[in-house]
Every structure is written in C-alpha cells, then in structure tokens.
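Lettered A, B, C and D in written order, each chain numbered from 1.
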C-alpha cells in the first residue's frame, strides 16, 4: 500500500492478551498503521502469526506476516509505541523508547503515579496531557510516556467523572467483580473460577485506591494535582469473560440527590476535543434504564467497548449515592484506552518532531 | 418404625427448592422425623416423589412415599412445622399454624421484623428466643413463630457477630455476590447469568439493611432492641451454584485493628448452649488462612454448610476494617438455619405443651 | 418514512426468544420492513416495548412502538409472515395465514415433514422451493408455508451438504452439544446447567434423524425425495450461550479421504442464486484451520451468525470421516434461516400476487 | 501413631492435581498410610504444605508436614508407590521403582499398552493382574507396574463391561464431554472454556480407541488378549469441574434390545473379590432412572466418585444401543482407580516380599 500515509505504530508485548487486543483494534484504523510488533526474546525473529497464540476471533492478516522484533528502540522504529508489557519488563524499555523520541502509550503500572506522567482517560482528564512539557524538560527526552490507568479504576473514573465535576467526591467505596480477561492469557485457571468467585486480585485494590484521585485530579499551575477524596476498594474475580462490574457508594461535598446525579450523568460528554476521535465512542458514559443493568455480557460491547454503562443509581443508606458501573476491561480499560490517548495526542500536536516524521 | 420416638415434623412448601433442602437435611436427623409434607393445592394429594421435581442429589426414600398435604393445620398435625412458603402465601398460613399451637420455623419475610418475633441465628442471638413469652401473650396463641433471616443477612450477621460484640458496629457497607440457588427453582434463567453478573435482586438490599440491626440487637427488659449501626447494601447475582460471598467494610465504636478483629473472630464460639445441637457446626465461624479465600465453590461445604468462612480481614482505607464472608445460602441461610432454630427451642423447652406431645 | 418501499413483514410469536431474534435481524433490513408484530392474547394490544422482556442487546426503536396484534390474518396484513410460534400453537395459525394468501416462513416443526412443504436451507436445497406449486395446488391456497429445520439439523446439514453432494452419505452418527438459547427464554434454569451437561433434549434426536434425509434429499419429477442414508443422533445441552457444536462421523458410498473431503468443503458455495441475498453470508461453510476449532464462543459470529464452521476433519477409525461443525442456533438455525428463505422466495418471484402487493 | 500398622505408601508427582487427589483419598485410608510424597527437583526438600498449591477443599494435616522427596527409589522407601507423574517423566522413574521391588500404581500412559502390564479396572478386568508373573519374569524385577487407564476410557469401560460380557461388542462410537479437571492444574485457561466447548484434547481419542479393547480383553493362556471390537472416539472439553460424560453408540454380536441391556447392567457387579475393598463402591455401575441423567454435577459424587452412572439407554437408529455414561475423572478415572488397584493387589497377595515388609 504505497500511498498509505497513516502513522506507523508499534506494539511492545504484542503476543500477549493486551497486545492482541491492540492488534485487533488497530486493524483498519484510519490514522495508524500497525508497522511493527515486538515481544520478548523468545518470540523475536518469528512471524507474528507463528509467535502469537491467538485468543479471540481471527488474527488480522496484516499482522500475521510481521516479524516479531525485540523490544528496543534500535529495532523498532515507529514514532508511536503502544506498550502492553508486563510491569516487570516495562520500566527500562518504555524509558528507552521515550528517550529515543517516541511517544509511548503504556498499559503498565510503572510510571502511572509519577508526578510528570499523565494517567490519561481523554474524556475525563484530557487536560492532564499538558504535563508532557514538564516531563520532557525534567527527563530530558523528546519522546513521551503517557499511561492509561488500571482497568477497574478506568471504569470507576468514567462513571464518577460527571459526579465529581458537579458535586466533588468526598468518600468512595468501590467493590469490583472483574472479568477473567483482566488477568491475561492463560491467566485464571478454569478450575479456580468455574462456578466460583475469587475475592482477591493481587495489587488491584491498591491501584484503584491510588489511581482514582490522580485520575479525577486537576492540572493547575503546571502541576498535576490529586483529588482530595478517600477511596476504599475491594476487588473480586468472577466467571465473566469481558467486562468489569463495579459497585460504588459515595458521598460528595455538595450532597446530590439521585435525580441530581442522573442529570449530571446524562448531560456529561467529557472533554470536548475528544469527540470524533477514531476510537472515541459516541458517548463515553450512558445510563441504563433497565433496573437490572448494567450487566457485563449484555452491555460490555456498548460503543464498541469504549462506553461505560452505569445503572442502579439511587440514594445510599449511609452516603449520598450508590450506583453500578460496567466497562470493557481490555478495550476501554486497556488497549482501546491507549489508542484513544494516542489519538488525542495526535489531534493536539503533542507528538515530537521525530514522531511526526 | 414403631419405636421411633423422634419428634414428628412437617414441611410447608415442601416441593420447592428450600423445601427440598429441608427434606435432605431432615433425612437421618436424630431428633426430628419428617412426618408430613405440605404444598400448594396443585400438588396436594400426590405423593411427594411424584409432586417434587427433585433438584439436587437424590430424594430420600422416606420422603418419596409421603402424600402431599394442603397447607392447613387441620391436615398437617406435626407439632413442629418448617415453612418454606413464599412470602405471598406465608402470612395467614403460618399464623394459622401458630394459633393451632404449633412451633412454626419460617423462612419467609412476613413476620421477621415484628417486634415480638425472633429473627434467629442461634449462635448470634439465641437469647432473642425469650421474646416468645411476649409473643404468646400478645397474640394469644400457644404456638410460636420463629423466623430465620434473609440468606445474605445471615452470612453477614455470623461474620460480624464477634466484631459487634467486641467493638460495637457503627457503619457497615455490604456488597454481595449471591448464588443462583438463592432464587429457588427454576429461578434464574441460564441465559441471564451464564458469563454474567446481574446487579439487582428484588428487595434483597432492603432486607439486608433492616434485618442486620435486629439480628445484632439485644433482648433487654423483655423487649428486642435494634442495634444502632447503619447499613448500606448492594446485592448482585453471580454464576455460582451455592454460596453467597459478602464484601464488608465497617467502622466500630471501639476502633479495632485487623489483629484485634482476628483475635475476636478466632475466640468467638457464639451462644453457649447451641454447641452440640444436631445441626450446629463445630465452629459457626472460621477465619480462612489463604489470602484468596473464602471462595464459594471451595468453602461452601464447611461445617456441612453451617459454618460461615471469613477471610481477607484487613484494615480499611476509610473505615476500620474490611473482610469477605461466605456462607451456604440454602443451608445456613435457609433450611439448615431453621433446623438449628428448632433444635435450640427443643433444648430450651420452648415448645408448647401440645408440641411436646 | 413515506418512501419506504420495502416489503412489509410480520412476526408471529414476536415476544419470545426467536421472535426477538427476528426483530433484531430485521432491523435495517434492505428489503423487508417490520410492519407488524403478533403474539398471544396475553400480549395483544400492548406495545411491543412493553410486552417483550428483551433478552439480548437493545430493542430496535422501530419495534418498540408497534402494537402487538393477535395471531390471525385478519389483524395481521403483511404479505410475508415469519412464524416463531411454539409447535403447540403454530399448526392452525400458520395454515390460516397461508390460506389468506401469505408467505409463511415457519420455525415450528408442524409442517416440516409434510411432503409438499419445503424444509429449506437455501444454499443446501434451494431447489426444494419448486414444491410450492404442488403445495398450492394440493392445499388450494395462494399463500405458502416454507419451513426451516431444527437448529442442530441445520448445522449438520450445511456441514454435510458438500460431502453428500460429492460422495453420497451412507451412515451418519451425530452427537450434539447445544447452547441454552436453543431452549428459548426463560428456558434452561441456571441450576440445571451451570457446570453441568444435560444429556437430553426433548424430541431433538428424532428431529435430527428425520429432518436430515429430507434436507439432503432432492426435488425430482415434481416430488421431494428423501436421501437414503441412516442417522443416529444423541443430543446434549451444555453451558454455552449461543452455538450448537455437532460431532459427526460418517460413511459414504464413494469413500472419500480426509483430503477429498477438505477439497469438497473448500470448493462448495451452495445453490448459486443464494449468493448476494441480504442475509446470505459470504461463505455458508468454512473450514477452520486451527486444530482446536470450531468453538462456539469463538466461531459463532462467523458470517454474522450465518456461516457454519467445520473443523477437525479427519479419517474415522470405523467409518470414512469424522468432523465437528458449529453454527449459530438462533441465527442460521432459526430466525436468520427463515429470513434467508424469504429472501430467496422474493428473488425467485415465488410470492403470490397478493404478496407482491 | 506407633501402633499404626497400615502399609506405608508414597506418591510420586504429589504436588500436581492428580497427586493431590491421591493425598485426599489416602487421608484416613484403613490399609494405607501416606508415608512419603515425592515431586520434581523444584519442590524436593520443601514441606508438602509449602510446595503444593492446594486446589480442592483442605489439605489433610498429615500431608502438610511431610518433606517432599526426589522421585527416586533411594529417597522414597515405601513398598507401594502411586505415580501421578507426567508421561514425560514417568517412564524411567516408574521402571526404577519396579526394579527396586516396589509396586508401582501408575496413572501415566507410558506402560499402559505393554503386553505384560495390566491396564486395570478391578471390577472389569481384575483377572488381568495375573500377567504380573510374566511381567516379573520378563523384566527381571520383583516389583510391579500396574496402570490405570485414561479417565474417559475408564468411564466407557465400566459402562460397557456388562454389555460386552453378555453380548460381545462389535463396533463402538464414543463422543466425550470432559471436565476441566482432567487437564490438571492450572490446566485449561478460563478464557478458553467459559461458555465454550473445545472439540479437541491432545491424544485423548487415540488413548480411548486403543485402551478400550485391552480393557475389555481377556487373560488367556498366560497372555492378555485384546477384544475384537472397533472404536471411534471424539473428545471434547466442556465447562464442567469434575465428571466426564460419554455418549456411546454400539453394535454387538448378540444383538441386545434395550431391555436386555438394562437387565445386564442392573445385574452386573463386576469381579467378585473387589467387593468390600476400602475404595470399592457399593455398586461400580448404576443405571439412572431419570431420563435426563446422568449429569456431571448431579451424579459425579455417586459412590464417593467411584461409581459410574449410565442412563438414556435406548435402541439406536443404526446400531443396537446408545447410552450415556458419567464418571468422576480424577477419582474413578485416576487416583481412586489406582488406589483400588493397589487394594486388590494387597487382597490377592500380589505385593512382592519386600513390599509386604
């Protein structure tokens, strides 16, 4: 395709479950062309079709023939790099790519809480991208590291954004029921989860508790600020393929009624310049009308996996409100979120000179 | 069996899911003999083997040949009556049996919140049985109505009893993940729950919120008192056969550490004279040691379904403690609980004269 | 939409599970416009949005406002009528509609085995439609009854069509693993199927055994002929949402090798004038390359539910071949199949004069 | 326990899923005392409680403190050795133990098809143990290797034994629906099996096809003979925890009716001296009366997992009979089968001198 002037992009950790989701979502992308896939030494040198044990649907043909590269900026040349690397590997690799002038869109936890790194959900805190100036100055690189949050934190953040904006969160109780795809592949053994609930996901509660205040914080005077509310999180794994369900109970500074909250959610469209991006859903957040929704199997595909659905919005017996939120953990909560982050960077001209070729 | 001097007992609503659990648990019971089964007009007159579509394991032979009776005290003569009736039918029927001098052990919600009706979990509030005197006086009957609580409330109450006794609950957040057997049979359609979560169970949250303070309340000066803590409950259905998993976050008047709580739970044995009853488990409450427990499929059978297992006991980010509790919803949370209630009444000599034959 | 010159169509039994699938598939159909919905007396007179408890995804807006009609040709005026009625009701109703000059596309078993009624899978036996002349003469009506086969028989027939055409089936062993959606809604109770297999589906084996020889039979000298092979079928229900998996072992008159069979399947495109119909998939039958496919969750959506996927094609230890086939039971095996049948009738000009308006 | 005169036994591969089942079943065994556990180098030297990630229920206390040994006869001294080793490791290890005079009860496939090795299901072919004389002579060891068959083959063999004995099998079609526990732990990823069927299990079909004729063969003139029937097998994985369901269609030399078959099954008790062994169920084979049984979740526990349940016995459209069989794959089909094999050896005095201490 000699005329293809789409931006070449690469995926690090392309053979794993999140890496495969990137491959699927990039297939047919109007702005980005999957030019390179990279993975661990074990896979490097093989074709992607050979190296990746494909999990969901069909492998796009364009990916099949790519040769898997090692994860270093000398081998991988694309200006935009999506990282699906494990936290164990992500740190130095992502840093090396940023130092080499690339825009790194990372799913790993390593840099999420750094003061000069955006923890980005475009509709929620697209303004946080402004911190990239400080990042580039401080780190002395022309590239960038932009992270997307933990999958359960993402679902909660999108659901709460209009409420926090309107009423200012004070205290928040989060209990999650998370899909098995959140654990990657092979991930959760079937003997552990069939007909079962596992009330533990390593480090998940900590991530939810620390990421939410940063996600819903602001960008003020050249700094990212953390929102002042407290979070208590309990995380559970359930026998669901895709879709994290999140039970929320919250108090707010300006005590909304359920009707106040309903209006705030229905009117909310999120940060303005996100609308119309290739991966942006028509609505980032919808309110279910059926009293028994949202449900993962029935609502996870909303907005091609990029829309969070909330329901059961009602007053709480102890706090102000309770509600249930549901979002696609590997799309909105991982690869799709990263993609949207990259699209927003492109729209805002935030790629470095090298990155725009 | 002419020498069988076990007390004859009857089951109302014997063909349904909870009724069948009564039949299973009464099979081989050392004190009680299943003498009568009763159900709706549709089943009356048929043999139990013919009328009941048996759900779990094998129907006990002794039950198979019983003729299903209509649900009235003229047809059903046993002094002890276990009621698995739907709330829609339970009210007048249970009242008629009590008025006829029978001890009615009810699973229905109808009388649970009445001031003179025990809402009983023997190990937790066995002293509440003392209200029966007042009930008999006020209602002018020699029988009795003793209720057992909602299944999810039961699990939470057993888990919290030692903590409330030691530290006095202040605020409590409950989020449940409940098994499909809680909805009876046919109950939840498979198309609704396979690979899914349903964040709604009709009336469940209200029951949990109002029953817990009564369950953990006291019997003082001839009256049942309600505990002073507030409860917020969110109830979900998950693709689990048996076993309700309950996430709890709580604050207490005497702010316990996780270690304080651990000690309180490990030392707790519940009301003393319950130990040794036929349906009493060796321990009503155990603390799991594995960090990913309790789990419904792995822990639901503990104490033959009568033991509640708690785990993940840790300090909470906002309140004092959080923990996860798991109990068998149709055994401890329904038929097994009723059975234990009846056993305690027998031990305490609380059957009326008619009821002791 | 005054310019809408699409053919008006009606659905009988529109509120049930198959009826809802019709509603979904007709949404945006290029040739047909959903003009009327009909259901039992209980629903008649209410809006569809009110009468139907919607199961999957979102109810199309156009359907929501339709008033549910009673199932008789005086109330329902559309020339094309899709019947999702239960067998208990379908017989006289479908006949009345045919007698009133309508084309009835039926999912019910009632007329399937009648000698003058097509049991139609367009790509497999589109020529069977020629029997409609005889049907109209014999029954004295200007309408038509065209049936689509049992869902499991459909999957097997599509998979076997190229092999029967090329090698002539002799003996066939069928063992199915069928999705719960095949039982409608509420259908299979979750307590029956979670973590379970039910080795029994009422009447299913008989349907598979008698329908397959008619499906793969011919239209010769003005009569439908039955293929001469024998069928043994065993039907099982498994905990799958959509997609019947069918294990096949077969002998043929012209003993094919697995390679012969592979070629026959890969070259087969089915009856020629079906290609390009709105509901026709690009390929009615595809051969999976991965050795562990087809799988219901991963392959059921192939061809928007209209493609059957086969795999594991290999020689058999006793007969000639064995293979596994997978198809969408409520799309290809029910509503989608009916739709394609109607489309083929339109293309061939087989609607009566009344039906073409 | 100084007076414990039970035979000391060891488990090789004790930390895996089958190894754990051995540990569970040996807990409280009246004849055998779990004296030693052995596993790979990685685990050797650690306590069992530390090395084994326990999967089901609770680890028996007696096992917890045992030090894991390496898998060689110098380190492991017990006269009876249960092997749960993978086929990749089992060959030389099991041979070394037999050479060292131990009775090796193996679950691995390595020696199953050797002419001088019993492939044993006591009730079915207990007489095959007589081949041990030849084995000891030929191999020059005083120990023994006795294997138990593939789990699905076991279920089929028990179900078919009375029919083959009475009517002589001719042709047999087997289609299995197998539980995830058959794949060990972690085994089948939940993303592969939730709401899904996988129509492929590596090598399983070959094992079923070759083991069944040996299992149902005879011991004649000092040799094991293979039964003369042909077998076609198709193996599927389903979302079931425990219990392989097997659909069978068969022809026989003496063409039985379904009633003939029913009688044969009901009268069959299997090899006489197996009755009363500690692990022998009251009945090795029972015929379900309900038309929709057997079902894995409801029947797998029959005879504490040692009874095979058959149902749906009916005449076949092509052959003589079809039926469905269900058995516990990790109990009857693995560890429980091995245990029963060892018990039969003890009863028959087939342990070597060293082995009887």
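Heads up, the rule we're going with is that a contact is a pair of C-beta atoms (placed from the backbone, for glycine too) under 8 Å apart; a residue touches a chain by one contact, two chains touch by 3 or more.
Everything numeric in this text was worked out from a predicted model, so none of it was measured.
Visitor: Between chain pairs A-C and B-C, which one is joined by a greater number of C-beta pairs in contact?
Guide: B-C
Visitor: Would you mind checking which chain's C-alpha centre is most distant from the centre of subunit A?
Guide: D
Visitor: Between subunit A and subunit C, what is the separation of their C-alpha centroids in Å?
Guide: Here the centre of subunit C sits 41 Å away from the centre of subunit A.
Visitor: How far is the middle of subunit B from the middle of subunit C, if each middle is the mean of its Cα atoms, in Å?
Guide: The computed centroid separation for subunit B versus subunit C comes out at 48 Å.
Visitor: What positions in subunit A touch 2 or more of the other chains?
Guide: 194-195, 239-241, 297-298
Visitor: Which residues, counting only subunit B, touch subunit A once they are in their complex?
Guide: 171, 173, 175, 177, 194-200, 209, 230-234, 236, 238-241, 245, 247, 249, 291-298, 311-312, 316-319, 322, 324
Visitor: For subunit D, which residues are in contact with subunit A within the complex?
Guide: Those in contact with subunit A are residues 17, 55, 180-181, 185-195, 239-241.
Visitor: Can you check the complex and tell me which residues of subunit A touch subunit C?
Guide: Result: residues 56-57, 194-195, 241, 297-298, 301 of subunit A touch subunit C.
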